[in-house]
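The following pair of complexes shares a single chain, chain A, combined with chain B in the former and chain C in the latter.
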Partner chain A sequence: MKFTKRAMLKGAATALALGFATTAMAQDKTKVGFVYVGPVGDGGWTYEHDQGRKAVEAHFGDKVETTYVENVPEGADAERVITQMALQGADLIFTTSFGYMDPTINVAKKFPDVKFEHATGYKTAQNVSVYSARFYEGRAIQGTIAGHMTESNIIGYIASFPIPEVIRGINSAYIHAKKVNPDVQFKIVWAYTWFDPAKEADAAKVLIEQGADVILQHTDSTAPQAAAVGAGNVYTFGQASDMAEFAPMPRISSIIDNWAPYYIARTQAVMDGTWKSTSTWDGIGPGMVGIGEISDVVPAEVKADALALKDAIANGDYHPFTGPLKKQDGSDWLADGQTADDGTLAGMNFYVEGIEGEIPQ
Partner chain B sequence: MDFSSISPALLLASLMVAATPILLAGIGELVVERAGVLNLGVEGMMITGAICGFAITINTGSPTLGFVAAAAGGALLSLLFALLTQFALANQVASGLALTLFGLGLSSLLGQDYVGLKPAQTPDLHIPLLSDLPFLGTVLFSHDFMVYFGLALVAAVWAVLKYSRAGLILRAVGENHDAAHALGYKVVRIRVLAIMFGGACAGLGGAYISLIRVPQWTEGMTAGAGWIALALVVFASWKPWRVLLGAYLFGGVTVLQLNLQAAGLAIPVEYLSMSPYLITILVLVIMSADRSRAPGSLGRIFHASG
Partner chain C sequence: MLKLEKRPQPSRVFAWLTPIFAVIATMIAGGLLFAALGKNPVEAIRTIFWDPLFGEFAFYYRPQLLVKGGPLILIAIGLSLGFRAGIWNIGAEGQYIVGAICGAAVGLAFYPLEAWYIFPLMILGGALGGLLWAMIPALLKVKFGTNEILVSLMLVYVAENLLAAMALGPLKNPEGHGFPGSRNLKDYPSAFNDEIITGTGMHWGVLTAFLAVIFAYILLNRHLLGFSIRLTGEAPRAARFSGVNPTRLILFCLGMSGLMAGLAGLFEVSGPSGQVSIDFNVGYGFTAIIVAFLGRLHPVGILLAGLLMALTYIGGELAQGNLGLPSAAIQLFQGMLLFFLLAVDLLTNYRVRFAKSEAA
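Now for the complex of A and B:
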């Protein structure tokens, strides 16, 4: 009951929003549409995509017209929203959640002249590019700080959906926490949502009650941060956005998604007629992944350690998945000094050795 | 797997917190539906209450005033629904859905300046002796006042509906509005009051999320709680105590499944994740085998001349 009604509602809402948003456009403008999974005010994932959209507007001024639809459920509704955008003359459409992958591909088939950009997916077509950021590089730094900071040696992890992007993050954080703290243990809770503040807060409270004193999150709202404030001595990290309003405690650092340069470059390519289907996967080096300021609560040597790691990753000296590494079942994955290839990372569906629990299938 | 890390006292205590928003919204909607009106705008009224309560708490520093404002905000929004359905005789389903859309939009407009702020904390009550009891003290007697308010409200609604003349009239209006009208009861006035009561309760439920459970303001933060409250009323066969049971079951299993996940239980997470919905529906459906049914005039438009 809940899902169908909500979906219906949102479908209606999006239809309304589109109807109002795109009237009276000048024909010579490049029209860029954005489809968001959460509200632009989530303070995390969607907020940063919307910052990217605003950067496009600021950069091109009168030459572009941007529209967006927020709170679009992943699934059939997404297809309707994307179709609607294409029908209303968008030249370039960014679909910014993993679950929009098949809807994007389906709509792209019907509109060969419209360019599509799908975030965090892996299916491309002649008019569909994919782009994502190497968030796992940031997770390596988080894991390092978390491993140092935990006193109970229990790190709580609020995961969203069991997709490769999330699993990569868990593995990367675990490997680097373990490296600095061999006794560390991860407790992982799957929330099955990208955005549900009440549920995210509940998950954070449960993890704290079960002894975690560092909480990592892969969901989009700041609710876990607020829960950590309530609990007192708990550390968190900003997710997708800096979440600086929770610094210096509980938020001690963050992973910041910086989409603006990419969005500007792709819009420019459409204007110039040079747009081609590409697969972009950039990390700390090119600036797509930023590390928010490490607050003073973190001891200076830990901070230095984390920043050194950041530099090593940025200039390519170090890959967060470097052997020797084994899979959870004890089988060999990477030999000493060997680094993971992008194909394996993109489809990652296993935990590394030492993580307890199973990945939901 | 390590179940010793789950504290039963904390688990039961957080159950009550997790259940309170849907309990408040559910008991309000129950009264509305017993009066024969189907208001699908619960989600919209909840989120409006969430931002009204949050904004007033930020500005005055008093959570109590915040909750009062939340109730007022929810009731005010529900008046719009009352206007549409009771005076303009619009379709209740469509008006309710519109109310949800409107509430979501209005709340994000009102909430723009409140993102990232922290509200004044609502203190947990400390009841001498009772709160110090070893196990029960943590579970039952150290909550914020809204948890007890929710329980008291259920008891009050039950007693009023069952034993008072006002409750009898309200039920008569819900069962057969033409007969109630023929007897001289003011059908429209009673329904408007019921709708406002439902709106106030939904507003309180929303504010409970933004002021206590999370506590912060985020757009769309009720994330479907209103729809769960609506479903709860149906599965509870329009009976107050069953709404309480359903809310506690839903809240309880939600918290329990998160605990079990964190403890590493070897049940696939998908099953754990759907368990709150399944178990709540299952239990309430089995209980409703006693031929209970919806109020006779539920969702029907009343016109005095008809």
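Now for the complex of A and C:
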């Protein structure tokens, strides 16, 4: 069954007049829908996507109309919400969680006239693009600062799910912490959630008890920051969002997802009729990954070191995965000067040499 | 002055009227809430209750009511049997998950073979998975007198971790580029729980839910076991004197509710959801508890309550997308429904008297 606007008009004779009205209105304004996995007030992942949505509204003013639905579970519910947006006349729909991949593809088949953009997935179609950010570039800078700042030489890491995205982040942070501090050791806790303040707080406390004085997180709430405040001398980094309310201590910097330029560009493409299915994987250079202000708690030379690394990554002089690098089991991965290709990075399922523990299977 | 007087027997009229009162009270309080948020309350209530049924795109939403309501009804029917007898299975969510895992595992084990017997075997797997998971609290209660509320609830968290382990490990799609989640059963015709009639939302799970309603109705009204269940709930001492075997009842009620939750999980994973993923469960097992009580633990009541609950979900999403209502407001709205139901329940067991206050 295909729900093109035309077919819909043909189908429901009673809704004919109404159908024409909505179609006409839809052409005046470009309707952009957003599907969120969390609440817009999560202060992290969904919050930043919603900032992107607001930026689209601010940029285009009367020419766009945006809608969103938050807290949408992945799976059957997502498929219904996406369908609903398409039925209501959306021209472009951003689905902002990995678990929306199959639902997005399924709905896209039924609405060939609507454009879809799926975040962090890998399935594309004639009317489905994918986009994600090279967060591992930000992790390299985080690792550098963390390696300098730790005194116990134990860095805690609150990981979400053992998927390539998260494993890349751990590897990148570890490589760069190790570079500036050869004695550094990572302790990793798998929280099995993207957003659960209670679990994240527990994980942070466990890591602090185990001696970690720097905590990195791949989960979205500010609970680890709050736990660090309670513990005293513990440094953290904002995740997905700046989390500036915890600066200058314990939050000493952050990785910020900045979706606004991409969302504006894609909306513009739909307006111009130039939209094409693409795969985008942007990092610090194009501005999709931002590094939040490094607070004054960090010594000036460390800050300078971190910013130099950021510039080198931004202008393409340096790739965070540059050989010589070995895998955890001691086998060779990258030769001296060789850099990792995107295919390997996209499916990364191994730790680099030196990280203790196993990736849960 | 208002006085409450306990009725000698619960009022049958009010048992049926109170849910309707509760819905009306929810609409009024919800309307006030939406007005406070700066939305037109009439439009909001219309979007939630009217548009999915009779609006412009009702052709899409009506079938979705069945898809969303089916698992709620199926699980709630199973739970209601135990609830009637005072056996509290709070862990249907866990049984739902394990049913889905077992059923999907059976199907995936046959991949890519196409054969007619795969789907029936999956149904068997789902039912058994849910049944066995519910047998843990049942046997512990029977043997050691543990509290089934706690054990069944804790087993939900065990099941969630099992689900994550399965999605990342044994059931992970080998062609999934290392991402978690199983193969999508929608792409595997022999294992796909397709709509029985295209475009109606009527998949095998919805049909099973309807059959469960009939089964529960007959059991409770026409069968000795159903009588034992009702008697145990209403008069435990009388039940014991009349020779009801509590062990058998516990095993039956928990087993039946587990089995139905397991089936609901299997039909969901093989149909609307399509894959075993880390976030597969979205709370049907818990929402079904509300549905069971909203439906007065009566099979027909549960059928209606399940559809009403589904309506608030679907209408709630519409209100979010079209009117910009926050999802928290919708959840609050759903919560009010149960709150008002419990509040007006008072009228079933008590009658209100306007008595003149007399000098003592």
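Here is the rule we go by: the second predicted complex is superposed on the first by the 334 of 361 C-alpha atoms of A that agree within 3 Å, B and C clash if a C-alpha of one lies under 4 Å from a C-alpha of the other, contacts with A are read in each partner's own complex, and residues count from 1 in each chain.
By definition in this document, a residue touches a chain if its C-beta (ideal position, glycine included) is under 8 Å from a C-beta of that chain, and two chains touch if they have at least 3 such contacts.
What you are looking at is a predicted structure, and each value in this text was computed from that prediction instead of being measured.
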Side-by-side fit of chain B and chain C on chain A, or clash: clash
First, second, both or neither for A:161, with chain B first and chain C second: second
Touching partner for A:360 - first (chain B), second (chain C), both, neither: both
Contacts of A:71 with chain B and chain C, given as first, second, both or neither: both
Touching partner for A:39 - first (chain B), second (chain C), both, neither: both
Chain B versus chain C as contact partner of A:221, first or second or both or neither: first
Chain B versus chain C as contact partner of A:87, first or second or both or neither: second
Touched partner set for A:347, first chain B, second chain C, both or neither: second
Contacts on chain A seen with chain B and repeated with chain C across the two complexes: 1, 12, 39-40, 71, 162, 192, 360-361
Complex contact set, residues of chain C against chain A: 56-57, 59-60, 64, 67-68, 161, 164-165, 168-169, 177-181, 184, 186, 198-199, 268, 272-275, 277-280, 282, 313-314, 317-318, 320-322, 324, 326-328
Touching residues on chain A, where the partner in the complex is chain C: 1, 11-12, 15, 18-19, 22, 33, 39-40, 67-77, 79-81, 83-85, 87-88, 98-99, 102, 106, 122, 161-164, 192, 346-349, 360-361
Chain A to chain B touching residues, read off their complex: 1-2, 5-6, 8-9, 12-13, 16, 38-43, 71, 156, 162, 187-190, 192-193, 195-199, 201-203, 205-207, 209-212, 221-223, 226-227, 229-230, 245, 356-358, 360-361
Complex interface listing, chain B residues touching chain A: 5-7, 10-11, 14, 18, 21, 40, 97, 100-101, 104-105, 108, 111-112, 115-118, 121, 209, 213-216, 218-225, 227-228, 230-231, 254-255, 258-259, 261-264, 266, 268-270, 273, 277
